[in-house]
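Next come the structures, one after another.
You will see two complexes here that share chain A, one where it goes with chain B and one where it goes with chain C.
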Partner chain A sequence: MATTHSTAPPPTEDGPRRPAVRPRVTRRARARRRQGALYAAPTALFLIVFFVVPVILVFRMSVSDWGLFTGDLGLNAPENFTKALDDRLFWPAVWFTLKYTVVTTVILLGLALAMALVVQESGRWSAFVRTSFLVPSALGLASASLLFYALYSPQASPFNAVLEWTGISEDPVSFLGSPDRALWSTVALVVWRFAGFYMLLLLVGLQSIPGDVYEAARLDGASALQTFRRITLPLLKPSLALCTILCVTGSLLAFDQFYILTKGGPDNSTVTIVQLVYSMAFQGSNDLGRAAALSIVVLGGLIVLNAVQFLGLRGDKDA
Partner chain B sequence: MTAALGACGGGSDGPAATGDASNVEGVDDGTTLTLWTRAPLEAQANLLVDAYNASHDNQVELTVVPNDDYVAKVGAAAGSGDLPDLFAADVVYLPNWTSAGLFSDITERIGNLDYADQINPAVLDAGTYEDQQYVLPFVLDLSVMFYNKDLYREAGLDPEQGPTTLTEFRDQALAVQALNKPDTYGTYFGGNCGGCGVFTWFPMLWASGEEVLEDDGTTANLASDTAQDVYGIWRDLEDAGAIAPGAADETGATWTAAFQEGQIGVMPYPATLLQTADETVDVGVTAIPGIDGGTSTFVGGDGLGISKDSDTPDQAWNFMQWLMSEDAQVEVLAANNVTPARADFLDNSYATDPRVQLINEVSTAADSQTPIALNFQQAFNAVGSPWSTLFRNQVFGDASTLEADNEAITEALQQ
Partner chain C sequence: MAAVTFAQTTQRYPGSDRPAVDGLDLEIADGEFLVLVGPSGCGKSTSLRMLAGLEDVTEGSILIGGRDVTDLPPKDRDIAMVFQNYALYPHMTVGQNMGFALKIAGMDKAEISRRVADAAEILDLTEYLDRKPKALSGGQRQRVAMGRAIVRNPQVFLMDEPLSNLDAKLRVQTRTQIASLQRRLGVTTVYVTHDQVEAMTMGDRVAVLKDGVLQQVGTARELYDHPDNAFVAGFIGSPAMNLLPARVEGGEVVVGGLPIPLPAGVQASGEVLLGMRPEAVWPADAPTGLAVEIDVVEEIGADAFVYGRPQHATDQKTPFVVRVPGRGVPRAGQTLHLDVDPRQVHLFDPASGLRLG
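Right after this comes the complex of A and B.
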């Protein structure tokens, strides 16, 4: 991009001397192009080694009869794909993953935005509040899941003592006992773990909005709500879009939290699509081919979804 | 690693080296052998390996793999031809692993042992595929009924007499529940753990004279009248509120905890935890009964085999045959309260505790079994398996789906 911009203008500016200058410019352009390629090379190399090659291997696996113990036994397409899509848990897993993604994204971003607005003003306590919002992000997702596993355990949970003491509930509450409770308990964990992180991203966006825009709004007599809706939200759109893409992609690929907290239960009600990939490969059917086929399907879905989100983002910029 | 998988995946050219099968004792020449096992057996495996290394020139290097990663790790190694010399497998996975050719055939070597007929037959059968034998018992893990003698005394039950029928089991659990003590419940079970259900409920069916699997492990027989009676016992306990809270969510990680904390009256339990539970609870032990009596246990634990990739099968066999010796079975396993896998060692100098004697006896009882099915993991042990759907419906949900749930297990078995 940068090179085409810089090479195009000079000839039009000094037209008469064009023939004499041209070789020098081309040489410089070539050197720049080479330089650009050099800068990009490490990233490209990493991309090839750690993304393109694995994807090709997974693709090969997905069209092969490839058992965990038996290895590659030759071509098996499209059976791997039809079998993966015919799995009794496939559609429930897709539906659950989408539901989880929508719920998480809405709650997480809403809360993160509210938190960012609260800590944006530099007050006496803002540094303390900011830090305390951010602390959970320092914990790994697996560790956080284990922590919540203990908190939700009917035998060990401190919540139950509180509920009993306040008289809200006599019997111990089973936080993961029903499909809905398992979903909301996991959402609570993820919100606790990630809200601070998204707050930070949005805070950066908020602080990049120039103060004079707000000043102008104030002079025009805009109310707080009007300022938020007409100024803050539109100017925060790039940050919000970034957070949405991160959050949606992360939620669609959810695994750790469910693997540790619910193991997909109760009654397979919280099986996400990545968990299904895992269980096809390592829990019972031990069929790497079918698991790879499902991974390819998920990858395709993610590419389409991200393309749509990026297009939407670019459309907003043009408007 | 994946590239290596591709290169070697098709290479099923049999074992790397066959060795001399007629050599009964194997070779002890200072070779380093590798051995893999899963974390739940770490303590016993360490004891065995230390004892072997101290008395032999061969040295065994033990690798302990987290339980949930074990299948994946063995699978990856099998594909790339990197399996260790020796590795253990959960008995219920043995049919699948032997049929995939992960182990070397040791039929002749076992046949040469003059005590071959004393080795625990349930594990040997599980490790036999198409009339070829592939494993010996590594560490046995049996299921028995544990009860809390203190709670039995409080409830007016005889602390020296555990349940001898499932009806008594239910009534005794209800009696403990009737104490109405805080944090004290009649019984507990892993209500969201297929493996726990297999381990503790199958013996109830076997002791009642019912088979669980038919047609070489391709048909499930879990909707019979006897099976319904067994589910009915648990349903009664659930309806009476005599099962400790959290059973429905119990994925197996903590299913043995509540009993050790003294909160449970009576429940089926792994025999290997007798010592541990005895530290906090006055434990009574009895065999798992059927509806009207009988006794049975799930002969669980791991089998050990020589891998297809071992370059030193004679040296590996030296460890295997030592594992069956008195030095290992009595001086290591029995001394640490693990049931010996040889019938002629069940009555040994360490088995002085009548509870240990009972556990040892039940390991070879007529109705004690290891279930054999090629797709066992998928049908029973896997998270959210059709088996866990079945027993959850029977205890917590809509019990009328029994036939369909049983059919779903058969489907998984035949996949």
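Right after this comes the complex of A and C.
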């Protein structure tokens, strides 16, 4: 007769105890687990094919002599790494990417925070402003870059028309003509495109601060600046940390905007690391192995930087 | 410590036809514990916030210690407030929370930690000074909120329903702690609550508000024994006073066939509203008197409360409540015949609700 409960039989006086009866429930649990695995399988497959395999492939490429047209010609570690690091554009690209990252992050987050503070009151006017700040997010980065390419064009730029009309500058300004101008013009594009998004993230963080905390601060005698410094900013730390990590990682991997706006010019002054990887793989030497090696170096740098950021920005878990 | 005065204070939100607080005239003596009580939307919180400076005063004025503070920002009024949800700074420790206002004021560090330590000792918070609010229970957070107010040594304490987020047992406990703390510190306190039991047990005086208008202010005993209108009569006291329509005929009030002699010195005639508290009526032996059909009986130990419908007015929406001794309690479905103590009845004008006599 089958038992319906999975209990061990009571110990008998004579002889050793019988081992516990395996309950029927296990078969159902096993079937459930199998079912679960089947549900997860398509996504797992997708992940493996489009993520795990390419990463493994890149690792393999980085230690092989692998040309774009010649294919895999066998292992050659660590030659790819040394050649990549010795590339005359490697350190300039690293330096430029870091400079660009710092500039963009500081300006973007500062502006986004200011915008979020302005726009956090509810009201018809602020709702309109909020929406208009978010409109640029509707464009993909490449499309936005093309837009600004046209806006910066030396022949037909509407900015130049305005500058001439207001008398600020006599001759048309070449926005992408010098290394500094190219950098700042690109930063302008990126800030225009992304400020709304980061403003939104910070708005969410701002709104999670309970309103009566501000009233308590008012009663405690804090001025607007003191309230911002000692109450708002500390409580915004998690949101600011998120925005910083997103912005830094995105900026380190900047490609679209420079490829479209400046193509790395003028004179290779705006070459970012990812651009370098691209040019190693698909231009010039067409050396996939070397490009892959550089990608691995970038990956390593990103991991280190993100770890540092996590540790530094972990902030108040109790807030 | 200072007296507080509301002088015809009015608050009207732009765009609304009825003021949230309408011409409030209230004098609070130095060192007094005054409770503002009333149903939701009666204007008690708004009055408190006007006193705090968190809401604008549309008309009238507010004085603290004789000084007109109507246009002063909160930090210049020398007050401290305990919020309903405590409003503790989540990222600061208990000690930092309590010392924040002093730090802003530029007080020197040694003095700040001395004051914080003193307040922590009064409130039994000394071992929690380094914890963040997240790691505290509701009752502890409430004490931190109070501590934050105490260290400021203000002229007036403002408390906005500080007990409403605590569980029932803790509420009763904390109630007595707050009352004794206030007595010990002697600071003028204005306390807002919707719970009339809190109001009755804590305040030196109680002010009842309804729809922005002050209904009555007085000691708990005054409000209980001599409510000025039917609203106060029905609001103060739990379970509420029974209010039934009745008629005055020939020197007697007749309700449901039961004649009650008019209280001395009361002039009334025609239709009136008769108020009887649950303890002012009792089951009579003979089948005469006010007949009430029992719906529900609540036994709470020493007493029991009988809820029913008067036979002569079964369409009454609120049940008629009678307090009976805890033993020998009647059952649902029975009909009680009630006698009334003529010295404990209240008469109100049915139209205006005002007390008669």
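Points to keep in mind about this one:
FYI, the second predicted complex is superposed on the first by the 261 of 319 C-alpha atoms of A that agree within 3 Å, B and C clash if a C-alpha of one lies under 4 Å from a C-alpha of the other, contacts with A are read in each partner's own complex, and residues count from 1 in each chain.
Simple rule for what comes next: a contact is a pair of C-beta atoms (placed from the backbone, for glycine too) under 8 Å apart; a residue touches a chain by one contact, two chains touch by 3 or more.
Small disclaimer: the values here were computed from a predicted structure and weren't measured.
Clash-free side-by-side placement of chain B and chain C is the outcome of superposition onto chain A.
Contact with chain B, but none with chain C, is seen for A:Ala281 once the two complexes are overlaid on the shared chain.
Of the two partner chains placed by the overlay, only chain B lies in contact with A:Gly71; chain C stays clear of it.
When the shared chain is aligned, chain B comes close enough to touch A:Ser174, but chain C does not.
Of the two partner chains placed by superposition, only chain C is touched by A:Leu235; chain B is not. By the document's definition of touching, neither partner reaches A:Pro136: not chain B, not chain C. In the superposed pair of complexes, A:Val213 makes contact with chain C only, with no contact to chain B.
Applying the stated contact rule after C-alpha superposition, one finds that A:Asp267 touches chain B and leaves chain C untouched. After superposition on the shared chain, chain A has more residues touched by B, the comparison being chain B against chain C.
In the superposed pair of complexes, A:Pro154 makes contact with chain B only, with no contact to chain C. Superposition on chain A places chain B within reach of chain C only down to 50 Å, the least C-alpha distance between them. Common to the chain B-facing and chain C-facing surfaces of chain A is no residue whatsoever.
Listed in rising order, the residues of chain A touching chain C in the complex are 210, 212-213, 215-222, 226, 230-231, 234-235, 237, 316, 318-319. Residues 52-54, 73-75, 79-81, 83-85, 87-91, 100-101, 104-105, 132, 134-135, 148, 152 of chain C are the ones that touch chain A when the two sit in their complex. Across the complex, chain B is touched by residues 54, 57, 60-61, 66-73, 89, 153-155, 171-172, 174, 176-177, 262-268, 271, 279, 281-286, 288 of chain A. The residues of chain B lying in touch with chain A in their complex are 2-3, 5-6, 8-12, 71-72, 74-76, 78-79, 96-97, 100-102, 192, 244-246, 248-249, 251, 254, 257-258, 375, 377-379, 381-385, 389, 392, 412, 415.
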